[in-house]
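The structures considered in this document are given below.
Shared between the two complexes below is subunit A, which has subunit B as its partner in the first and subunit C in the second.
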Partner chain A sequence: MARTVGFFTDTTLCIGCKACEVACKEWNQLPGHAPQFGDGYDNTSQLDEQNWRHVQFHERTTAKGGVAWNMMSDVCKHCALASCMEVCPTNAIIRTEFDTVYIQPSVCNGCRDCIAACPYHVIGFDEASGLARKCTFCYDRLQANLTPACAKACPTESIKFGDLDTMREVAGARLNQLRGQGMSEARLYGDKEYGGLHALFLLTDKPEIYGLPPTESAVLPSRNNVRGYLGTLVTAALGVAGAVFAFRERGGKE
Partner chain B sequence: MVEHFVTPPQWEWYIVWYFFLGGIAGGVYALGAILRLLGDDRDAPVARLAFLLSLPVLAVCPILLTLDLGRPLRFWHMMIDSRTFGLNFKYWSPMSVGVWVLLIFCVFAFVSFLEALASLRGSRAPFLAGGLGRVFVIVGAVFGLFLAGYTGILLSVSNQPIWSDTWALGALLLASGLSVAAATLSLVTRLGRHEQSAEAKLTRADRYFTILELVLLVVFFLSLGAVGSRFLAPRWMALWVVVLIGTLVPLALHFSTERRVPAMFAAVLTLVGGLALRIVVVFGAQM
Partner chain C sequence: MTNHWRDIQHADVIMINGANPAEAHPVGFQWFLKAKLDPRRGIGRGGGAKMIHIDPRFTRTSAVSDVYARIRTGTDVAFFGGLINYVLEKNLIHHEYVRNYTNASFIVKQGFGFNEGLFSGYDPAKRLYDTSTWAYEGDVPAQAAFERAQKEIVAGGHAPAGAGAGVALAKRDMHLEHPRSVFQLMRKHYSRFTPAMVASITGIPEEQFLEIAKIVGETGRPDKVMTIVYAVGLTQHTTGGQLIRSAALLQLLLGNMGRPGGGMNAERGHANIQGNTDNAISWEILPGYLRIPAPGQKNLDDYVTQSAPKKFDANSWNFFGTNYRKFMVSLLKTWYGDAATDKNEYAFDFVPKPATNSSWISIYDQALKKKMEGVILSGMTATSIGPDANQVMTALGNLKWLAVMDPLPTTSSEFWRRPGADPKAIQTEVFMVPSTHWIEKDGSFVNSGRWMQWKEAAIPPEGARHDHWVLADVFQRVKKLYAQQGGKFPTPLMAMTLNYKDPAKPELDELCQEINGFDLTTGKRLDSFGKLKDDGTTTAGDWIYTGSYPEAGNLSKRRAGIQDPKKNDPTGMGFYHGWAWSWPLNRRVMYNRASADLKGKPWDPSRPGIEWDMTDKKWKGDVPDYPPTMDPKDPKAWGPFIMNGEGVGRLFSSSMLDGPFPEHYEPVESPVENPLHPKQSESPVVFLYDKQGGRENRFGTAKDYPYIATSYRLTEHEHYVTQHVPALVGLQPKPFVEIPEEVAKERGIKTGDRVRVSSKRGKLEVLAVVTKRLGGLEVNGKTVYHIGIPIHWGYVGIAADRDPTKGANWLANALTPFVGDANSRTPEFKAFLVNIEKIG
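Right after this comes the complex of A and B.
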């Protein structure tokens, strides 16, 4: 049943339990990496080929001088204008009937162009399979009319799942509610970036803090095509002119 | 400046060598074509040598690219849609364009190689004689130049910091490709017994290419702005010094002498500098 789906992650409700990470790994049969412990509770570090959900922990100083965490369950944004899909030379990356972005394992040849293109450091290269891998939005569960594993497991409903339009409405209402309560720093991310993301986030700090490019930086790789080719064309013309001049030049020590 | 959070694609030594050898193969073919079109009879052996060199160097390139894939046996997915079996071509994806250019250029390099071989035996393939032959090598040279330069555009058309923060990478790698191609041809020419006239012409051409490369190095850093400070780490600085030695010393030698040994030394330095440039550009942005 085709529909346009989306996530809405409300970071103010995230308690950092990582149930989403565990559910994702269980359902998608991802063994994960060996845990890495730093000075916080984050032991998965980043999104990659094994971590399709990643709960971030960001320490911040509160107005009263205390320390608090900003936590966010990060995931592939399934951008409407997807950088990975734009550069993929094999057309392995497709848009599904649910309007999500999916890497077809049977088509991908592991060129890794998509990894250099994704501005959200979502995609990782899986050495074992030789493929680029990322969140599938639980494509198999969607086909069975089931909720993605992460949203299903989230105990606080920080991760919400539904039709994208509904998610936008829910996100907008929650933003108004928080601002009405005096949380002026609350902001919505994902409404405008890359044509609209299929994973919306309600943040309480600047997007960069969470590893999200600011809105003005949400630009596609193809922006560099024209100027790159033009610069190269001019250089080719100068190079050929130089060669012609050198090869026609007379005199000297010939 | 755009701010992105990108995972490095782990493009490493296969890609560095592909960029280097692709620059030589494409550049050497273009120089051979120009020498053939504009040179005199004394230049014919060097033009022929260029066509004899281009194909063997080029032949390594698809092997390197295939080995770099996570699934090498699926290399054909680059050209053919594995679901519909139609052709895969995305003009806005430099990797897709590059694969086709590499394939087409292989045809030109192969035919010119055969023609050069035939020429060595005193005959000339009839279809490459006259106007058609001239058109053929001109078109081949266009593909060769594209191969030498598109690699920089491939890096730029991403969201990887440094690569995507500049428009000058394609231009820089093309200028460097022409320079290392002239150095390669000059080196091989001087190892054999060819006319000094052609050697002098190659040296003069390399002089222009090196100046162009130096200008583009400045443009590259200016276009990067503050992002370029990532290259100030000691290991990258050491490689940039090698790049500068590989451009400035040959340039000085080109202006001061055309004697055989210094000219060969200059060519070797140019090759080392060209390789160092690709190493620092490819690895420097990913670490």
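Right after this comes the complex of A and C.
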């Protein structure tokens, strides 16, 4: 059963239908927050304890003066070098047999260190249970050899699921195709960041547009990352470092 | 759809007009993206299909399209007219197809003309055309020869060809040079639609129009194909029928009809709206698109002569016209059983012959005139649907009773106690009849691609009855009252045949069998409408569904799909004939004879529809829309469009009320004059309900209402019913309107502000979303803007319950005009005038 799985989200195929959000909530029995108007199209606003998938909408003017509307279904990245795991004091956050990052509810003590540490603002605190919660990569479905709910529901195959190596190949081929069509802004995100993400994204603009830290700063200053360690000479508590990253990232958000 | 969802993957160019498939049909949209990702598709050397989105709004569909052009709403005739002119002038049309498969060669009778926005035959008093000048010139010698031959056939004891429908053979010029040939008339008509004129009407800049025209023009090549996808963005205009027809004309000129990857593809707005239409939800048709009988028709002969297409060409099978009587008699036998005999014209007298229009708006027009006692609503809420919701609510308040069959409260069931209303002042007695949701019953859905797909009940019903049981019960009770008390002309009601196990609780399976029809001599279900007869020995509740439920069983239940593509899709073209069933006769692409050339070879062998197999002497591939063994080389072989009297596709047609060629007319509420003919700005034949009814004018002008508005759906909701679904209310929790940045700046409006949008008819008080996606357009020397109005909210549901206003002034259709298409009377929901201001 053990395998290394991954998502590949091709934003050029995302139509912002939010089927992933609904499927995720239905399968994982997340009631969601009270309805709240955001900006008309994005009323989910962020990833947190209730929203494990979040479709982002970014409206902007193109270089040619036209309009572009970039959509991306965001999710926990299940980082190879996961900040949340690094800071968790109770070892509640583990790496599963699928190489995904999973918060064990029975071990989590609700200290919220992981929430501060996550550079992607994925985790939220669930007041009802007193636990930190985030995408489980549909751990229960993986154990039953099923595709995660979001990828299963995606009508356009914008969210793809499979072995991480396969996802890398598919992503690389799609990138080449788009570059071949002259889309020079197309790029892959997740190959290098935090030791390699288990959720790869094909973007048509800079990562910052989507609220993602740029590749060069997406490194973990930890004992697991020698370059990061030497480069920044971080000796302070990892939780603090995580918070610093979090602030830097927020500053870069639109 | 002439084609089907899966077929869109075969297109080289996907032209989307007045539709937003990424939002309205996200699942079907996968096929659009498959075409885009397929390197074999596309123009030139391929590299992926080109997706072109033409819409007033930049939507989630535009976001993934290759080309987006902002168009002023309701001006698509000018856009397509410009493309028609372009492909004609640049000689990019598919010549062999146009010559042989369209009526381009037909000669139009002397006297036809078009001047200052009016076609010949206009009667300004009646606001109607006499269409007799929109006819073909008869081919006198051919007609005489044909009639002589017919006499010999009849003398020999055989039935005449074109029986009942009539024969009027037309003159043709196969060189397409005759000045009164359809081709030359068409060329002249559309020569006015120059790129500059297109720009001045639609707002699409000339340069961008030419960029699009170049892509479109490439699909006139036999090895390229374009699909045109549309929805109610084309339909819901006073010129709706002609907007769609103009696109169809372009497809015929480019040779894209009947071909895989081509066609005219209407996306339907509900899971079963196609099934509804096929089974006569529109007042002007009977099931299977047979026309409703008209006053003065005394017998079946009158009816068939006036309703069925005539045979206009010796090579036209005129299948519909020829068999019209059989379909009608089989329908009458279904309804009236033993009471329908050859002695009484098969009970033709029992069918109502309405003297007045009974379309959607007309219903409420009648109620406004207090000529209506009661209304039963099933599966929809009139109040939200509109148009002119305030006027509709006035109309409902004029009724004695209103029955609402729905699983959940609706804006119609609650209209008498809506926010701001005084229930004491509304005397209408409202009955809420709890009905089952489709999840609680079995039955079929017919999708946009004409596939009839069966489903089972997912959960048992609780405290509710099926709509069809309610209606059946009401019918039994009414019948009983007639039996007890008598009444005017009770015979049709008493004679109505209900051969169900329990006539008060018919099963949908029984209805499907009835719709399919029987051979009454054997009692067996029929497997083809080809076997229907006009002698009273067959039944068919809807002839186009005959063959869906043969003796072999209910074919809509079949599921031979992608689990084994080799076996289930041997051609690799995605027909999957063993998946469910599609009308007619399980054909997946309509008019598919036109996918092959005169000899029967596919225009594009890599994407065959059907192909003549010379060895086996039969057509192969899809189920042929043609006699399966008719040799194309036979000089008597039928033309490819077997349903038309011409046997070919119609570029010119006398069957529309508002013109044989589509012409651009402004919406009834427009900020500009028609640059083509300012004296005749809007459609001359549009029916003006308020004016004719002697009521106050309810149309506004640009002086008071300077912005164009258009209404639409969002992907997160399904019309109004999902206001009861928490997960979807979470995704779209509040009503809003979309406002272009320029207008917002001028009016000091920011996203999240409360705004009031008003038209001559009503107001909407909701939140503002300011966006770059709606921009200005330069039309006829003026800058105009669109305001976008999503339709999903009202005073019923989770969002309204949570709001302090309780959803007062949340009905989008409070704004829309009480006017519709000249032919179908479909309301003009997509183009009207409004003003906007910030509240407080």
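As a working rule, the second predicted complex is superposed on the first by the 216 of 254 C-alpha atoms of A that agree within 3 Å, B and C clash if a C-alpha of one lies under 4 Å from a C-alpha of the other, contacts with A are read in each partner's own complex, and residues count from 1 in each chain.
Convention: contacts are C-beta pairs under 8 Å (C-beta built on N, C-alpha and C of every residue); 3 or more make two chains touch, one makes a residue touch a chain.
Just so you know, these numbers come straight off a predicted model, no measurement behind them.
In the superposition on chain A, contact of A:Cys88 is made with subunit B only, not with subunit C. When both complexes are overlaid on chain A, the residue A:Thr156 reaches subunit C alone and has no touch with subunit B.
Once the two complexes are overlaid on the shared chain, A:Glu26 sits against subunit C while remaining clear of subunit B. Among subunit B and subunit C, the chain that touches a larger number of residues in subunit A is B. Legend: residue contacts after superposition of the two complexes on their common chain; A:Pro213 is shown touching subunit B, with no touch to subunit C. After overlaying the two complexes on the shared chain, residue contacts for A:Asp48 are found with subunit B alone; subunit C is out of touch.
Of the two partner chains, neither subunit B nor subunit C is touched by A:Gly182. When the shared chain is aligned, no partner comes close enough to touch A:Gly65: not subunit B, not subunit C. When both complexes are aligned on chain A by C-alpha atoms, no subunit A residue touches subunit B in the first and subunit C in the second. Remark: subunit A residues 12-19, 21-22, 25-26, 31-33, 35-37, 39-41, 43-44, 59-61, 66-71, 155-157, 177, 180-181 touch subunit C in the complex.
Those residues of subunit B lying in contact with subunit A across their complex are 2-11, 30-31, 34-35, 38-39, 43, 68-72, 74-75, 77-78, 81-83, 88, 90, 92-96, 99, 145, 149-150, 152-153, 155-160, 163-164, 167-172, 174-175, 178, 196-197, 200-202, 204-205, 207-209, 212, 216, 258.
Across the interface of their complex, subunit B is touched by residues 46, 48, 83, 86-92, 106-113, 115-127, 129-132, 208, 211-214, 217, 219, 221-222, 224-225, 227-232, 234-236, 238-240, 242-249, 252-254 of subunit A. The touching residues of subunit C, when paired with subunit A in their complex, are 22-23, 26-27, 29-30, 33, 37, 39, 47-48, 58, 60-64, 68, 715-716, 726-734, 736, 738, 751-752, 767, 769, 771-773, 775, 798-799, 802.
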